[in-house]
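Below is one structure, written out as C-alpha cells, with a few remarks after it.
Labels A, B, C and D are assigned to the chains in the order they are written; within every chain, residues are numbered from 1.
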Amino acid sequence: MDITTAVQQVPLNNYIVLSIMLFSIGVMGMLLRRNAIIAFMSIELMLNAVNLLMVAFSAFKGDSSGQVFVFFIMVVAAAEVAIGLAILAMVHRNSGSVDINHLNKLKW
Amino acid sequence: MNILILVSVLGVISLFAGLSESLRQHTRTIIVAGLIAITGLTMFTWNAKQFFPEMLNFDKYAAVFTTVILVISTLIFVLSKDQFNHDEIHKGDYYGIMLFTVAGAIMMVSFSNLTMLFLGIETLSVSLYTLAGSRKDLLKSSEAAFKYFLLGAFATGFLLFGIAFIYGATGTFSVSGISDYVHNTPQLPAIFYGGVILIMIGLLFKVSAAPFHFWAPDVYEGSPNIITSFMATAVKVTAFAAFYRLFSGAFVDVNEKWDNALIIAIALTLLIGNFTALAQTGLKRLLAYSGIANAGYMLLAVLALKNDASNALLYYSISYAAASLGAFAVLISVSDDEKTFEISSLKGMSKSNPLQAVLFTIIMLSMAGIPPMAGFFGKYMVLSAAIKEGYLAISLLAILTSLVGIYYYFKVIAAVYSAPDTEVQTENKANIVVFICAGISLVIGAYPDLILNLF
Amino acid sequence: MAAEVAVATISAPHDYLPIIVQLIVVLAFVGGTILATHFLGPKRKSKAKLDPFECGIEIHGNARTPFSIKYFLVAILFVLFDVEIIFMYPWAVNFKENLSVGFEAGMNNFIQMSIFLGVVLLGFIYVIKKGVLKWD
Amino acid sequence: MNVALLIPLLPLIGFLINGLFGKKLSKSLVGLIGSTSIFAAFICVLITFANFISGGSEVQIVKAFDWINVGDTNLAMSFQIDQLSLIMMTLVTGVGFLIHLYSIGYMHDDENYNRFFAYLNLFVFFMLLLVMGDNYVVLFTGWEGVGFCSYLLIGFWYKTPEYNNAAKKAFVMNRIGDLGFILGLFLMYSEFGSLDFTGVLSNTLGHDKGTITAITALLFIGAMGKSAQLPLFTWLPDAMAGPTPVSALIHAATMVTAGIYLIVRSHALFDLAPDTMNFIAIIGAATALIAATIAMVQNDIKKVLAYSTVSQLGLIFIALGVGAYSSGMFHLLTHAFFKALLFLGAGSVIHAMSGEQDIRNMGGLKKALPITHLTFLLGCLAIAGIPPFSGFFSKDEMLAHIFNVNPVLWGVASLTSALTAFYMFRMYFLTFSNDFRGTHEQKHHLHESPSTMTIPLIVLAILAVFGGLLGLPEFTGIHHGLSYFFGTSNDLSSLTRSFEGDFHTTELILMAVATAVAIGSSLYAKKIYFENKTLPDEPKGINKLFAGKYFLDEIYNKIIVKPALLKGTVMQNFMENKVIDPAVNMFASLSVSAGNNIKKIQTGNTGFYIFGIVAGVLLILFANYLIWFR
C-alpha cells in the first residue's frame, strides 16, 4: 500500500491535536527551560510539529506541495540551527555562560 | 526574478572577492557599482511583469518596493566605508551576507506563494542574525545576535504553524489560490482564522510591533551601527511591504475577522513605542523605540488596506526610511560601535558642524511630523486612510501619541543646538548620505506626487 | 497483498490480547532476573570496577574539556551539505516520468539539477578556500 | 507665471540667501536683501490687488503645483486671492516691510544679524502661506511654520536660559492649541471629505449640528493658542523676551491675528454653531478684561504692550463672537497699525535707554526723542479710542455691534477700553513726561534713533491716525470702505452685520459714552502720573492680584505640576529635557514618568521576552476567539 493511504488510516483531527501538543510542548520548553541548547531543541520541536501537520494535510489533500514545503522547512531549520550554535559558541566565549537569562546587559 | 538572481550573484562575487587580499579592498566599490546598475535595470524593466510561475510575481508593487530597497541598500553600502575594518579577513563575508539579506528582501516583496514568503523571511533573518553578531569581540553584539536569533526562530515557528493551518484549510500555498478559496467558501473553517492570526503574529514580530517588539531595542542597540541602520530602514520597509502584500492579496475579504487583533497590536505599539522613547537617554535606543512607534503608524496602512492604502504605505515607508537612515548616518559619523552614544553628547554640534546640524534638524523634524517635511504627509496619509475606513478611535490615539513623539525629537534638536561642554574646532562637512536623506525628506515633502504617482 | 489487507482491516480490542500477555511475561521475566541477580550475586566494589572503561588504558582529564572549534565546524558543514540532499528526492521521483515524457523534459530536468549542484559545489569551494577544513 | 506666486516666493528667496550665505555677506547687504525681498513682495501684492479690482473682484485660485493625490483626496499647493486674503497679504507685507526696515537700525549691533533677517523672512513666507492658502492643509502648514519661526525668534538670544524657556513655553502652548486644530481638521475631513475652503465652506448645509459645533470648537481651541486667549495667553507676555521688532511683527501685528483670520475665513461654519460663538464671545470678554487689569500695573514697557495686545485681541474675539466679522477685521487692521507703532516706539525708547525697559526709570524722554515721542503719543491716542484717530472708529464699530447683541458684553468691552486708555496714558506719561529718573550715563547716552528706525515710526503713525477712514460709520454718509469691499464678494458679504431698524442714534450715544470714558480715564491717568508725579510702588490690595497676573502660572503650578513632581526621577528627567515651564511640566513629566514605568518591561531578560511574546499571542488569540465563531 502506498504511504498516503497509510497516513490516512488515522483521522486528520488526531494529527492536528498531536502537532498542536508538540508545538505547545516546544513553547513550554522555551518558557520554562533556561539552557540555550534546550531552547534550540524546543524550537526544533515546534518546527517538527509544523512538519507533521504539513505532511498530514498534504496526505489528506492529496497535494504534494505540502511535502515540498516540509523539505524547505527542514533545510532552513538546519541552516538556522547551524547559525544558532555558532552564535551560542560566540556568546559562550564572550560571557562564559549558556543560560539565556544571564544575558541582560542590554535593557530599558 | 532577474533582479533577484543578479543580487545573489553579486553576493557570491563579494564572498569570493573577500578571499583575496587584493580584491578585498575593492569589494565595496564593486558592490555599489553593481547595485546601482541593478537599480537602473529594475527601473528600466519597470512595467515588464516577470513571472516565475506560481512562486514570484514581479509586478508593479514588487518593482517599486524593490527599487526602494535597492536604493536604501546602495546608500548603506556607501555609508559602510570603514565600518568593517575591525576584521579585514571577513569583510567580503559581511558584504556578501548583507547582499543575501537584500535578496531575501526582494523575495519578500515579490512573492506570490507562501513558500517564497517563508524562504524570503528566513534568508533575510538568518543573514541578519549573523550580521547582528558581526562584532565578535563585543559582548553586546553577541548578546544582540543571540536574542534576535532565539526570538526570531520562535516567531518563525508561529508563522509556519499559521501557514500550515492555512494550507490545511485551503490546500494551497499560492496567494491567489487562497484568495479564490476565501471568495468561494461561504463558511470558512476555524483553523483558517487561526492560521491568519498566527501568520499575523509572525509578521508582527518581524515588523517589531508590540507586544512582539521586545527584541528590537536590544538588538538595535547591540548590533554594529551600520547593521542597525540596515535593520531600521531596508528590513523594516521590506517587512511591511510583505505584510501588506500578503494581507491585501489573500485575506482582504475577511478583514473584519482579523482587524481588531491588529488594532490591539497597533495601540500597544503606539503607546509603548512613543512613551518608552520619551525615557531614553541613548540616541541609538531612542531611534530604536521611534522605529517601533513608526511601525505603529505604518500598521495603520495595513489596517486600512480595504481601499488601496499601498500609496500611503509606500510614501510613509520612504519618508521614514529616509529620515531614519539620515539619523543613523549622523550617528555613525559621530560615534563608534564600542560605547553607547548619549543624546547629551550631541551638544555643540551646531557649533562644531553647522551644516550637518541643519540637515539633522530637517531629518528630526521630518520624523516628528512637522510640515512641510515628508513625515507629516506620511502620517497624514495613513491617518486619512484609516479614518476613511472608519477606524476613528485608533487614529485619534495615533494623533495623540504623535504629539508625544514631538517631545523626544525636539529633545534631540535641543541637544544639537545647546552650548557645547567643551570648545570644539568647527568643520563644516556632512556625510553625503545625510545630505541625500535630508534632501529626500524635503523634496518629497514639498512634492509628494513624485512618490504617489508611482503606482 | 495479504499483509495489505491485514493492515487495512480495522482490528478490535480482543485482537490485542496476545500482545498484552506477552508484555506481562516479558516484564515478569526481566524484573525477576534483576531481583534474582541482586540477591544471589556476590558484591565486591573496587576502583577498577567503578572506572569508566577506555579500551584498557586508564583515563586522564575529564570528558568536558573544551575541544577545537574545528570539530564543530566540520559537524555543522556536514549537517548542511547532508540536508541539501533532501532536494534530490522529489527530483529523483520526477526524473523517471520526465524521461518517459521525452528527451527534452529529461534534459531540462538534468540541467536544473546541475544548476542546483553547481550552487552547492560553489559553497563547498568557498569553504575549502576559506580553509575551514585545514586541520593544523 | 502669475504674480501672486511671487508673493510667497520672494521672502523664501530672501530667507535662503540670508540663511545660506548670510555669514559671508556684509551687514548692510543682508539688511538690504531682507527688506527688499519683503518690499518686492509688497509691490507684487499691490499689483495683484489692482488686477483683482480691475478683474471685477472675482475670486481667483492660483495653483502653484499639485501637492498630494491619494485616491480621491487631492490637495494642491494653491492660493486663494479674494478680499480677505488680499487685506491680510497687504497687512503682512506692508507692516512686515516697515518692521524689516526698522530692524536694520535696531539689530545693527547684533552679531547674528543675518540669522535674524533669515528667520524674519522665513516667518513672512509662512505667514503668507497661512493667509493665502486655499485649503486648510496649506493654512496649517503656514500655521505650524509661523509657530516654529516665533519659537526661533523668541529664543533668538538663546544664550540666556530664561529666553529659551519663554520660547519653549510659547511653543508648547501653541502645540496645545494645535492639537485642537489638528483634531478639528481630521473631524472636518471625515465629515466633509475635503479640506478645501470651497469644498468645506460651500457645502455646510445638511450636516450634523453637533459635529459642526465640535469642529468649530476645536478650530477655536487652535485659535486660542495662536491668538493668546484665556487660558493659553501666558506665553505672549513671556514672548517679549524676543527682540522688539519681533514683538512688533509677530506678537502684535501678524501672527497673533492668525486665529482671528482662521475664524473669519471659516465663518460659514461658525455661523452654524451658535454655542461656539457664545463660547468665543465669553472667552474673549474674560481675556480682554483680565489682560487689561494686569496691564494697569505692569512696569515693563513691553509687558504693558503685550498685555494690551492680549486684551485688544480679546475685544476682537468678542466682536467675532457676536458675528461682527468685518468690524473684527477692521479693528485687526487698525490694531496692527498702532500696536506695531507702539512696539517700535518702545523699541526706540529701549534703544535710546540702552536696554532699560522699566518705565519707572524713564521719564522726560520728550526732549531727547522728539519723533519717537510724537509718534508714540499718536499711537496712544489711537489705541485709547479718542476721535478722530483710527482706533476710535474700529473700536466703536465693534462696541456698537456688541451692544446690539448683548449689552452685558458691551459693558465689559467698554470697561476694557476705559482701562486701556488709562494704562496707555499711564505708560506714556511715565515714559515721556516729567524729568528723567534713569542713571546718569543713561541720561548721557540718550539719543534719537537713526532714520531707518524713525521712518517706519512716521509711516505707521500716519496709518494709525488715518486708518479709521477705511471704515467710517454709516451715518456719516460715506459708505463703510471695508464692508463695501467685502460686499463685492458673494461669500464674504455675509461678513458684515447690518443693524436692524434705525440704530444710528443709539450708535451715536454709544460713541459719545465711549469717547467720554476714554478721555476721562486718560485725563485721570494724566492727573495721577503727570500732575501728582506719583510713581507706581509695590502693588497693594487688588493690584497685588493684577500684578501677580492673577497668579495663573502659580495656579498651573499648584494644580498641575506639584502632583507630577512627586517622583524624583521625573524631576531629574525633565530637567534633562530643559523644560521648566509649568504647562510643559504637566505634560512632559507625566509622559516621562509613564515612559520610565513602561520601559521597565524591557528587562533585558530573554526568558521574560519569550514570556511576553507568548502572553501577547494568547491575548490576541483570545481577542479574536469570540470573533471567529461569530
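Quick notes on this one:
Keep this in mind: a contact is a pair of C-beta atoms (placed from the backbone, for glycine too) under 8 Å apart; a residue touches a chain by one contact, two chains touch by 3 or more.
Please read these numbers as outputs of a predicted model, since none were measured by experiment.
Across the assembly, the chain pair joined by the most C-beta contact pairs is B-D. With centres defined as mean CA coordinates, chain B is found 27 Å away from chain A. Rounded to whole angstrom units, the spacing between the C-alpha centres of chain B and chain D is 42.
Measuring from the averaged C-alpha position of chain A to that of chain D gives a distance of 65 Å.
Taking each chain's centre as the mean of its C-alpha atoms, chain A lies 18 Å from chain C.
Within chain B, contacts with two or more other chains are made by residues 143, 146-147, 150, 154, 217-218, 279. Residue positions of chain A with contacts to 2 or more other chains are 27, 30, 68, 79, 86, 100, 103, 105-108. None of the residues of chain C touches two or more other chains. Interfaces, counted as pairs of touching chains, are A-B, A-C, A-D, B-C, B-D. Against chain C, the residues of chain A that register as touching in their complex are 1, 6, 9, 64, 67-68, 71, 74-75, 78-79, 81-82, 85-86, 89.
The part of chain C that touches chain B in the complex is made up of residues 122, 126, 129-130. Taken in their complex, chain B has these residues touching chain A: 114-115, 118-119, 122, 126, 129-130, 133, 136, 138-140, 142-147, 149-150, 153-154, 156-157, 160-161, 163-165, 167-168, 171-173, 191, 217-218, 221-222, 279, 285. Those residues of chain C lying in contact with chain A across their complex are 4, 7-8, 69, 72, 76, 79-80, 83-84, 86-87, 89-90. Residues 27, 30-31, 34, 100-101, 103-108 of chain A touch chain D in their complex.
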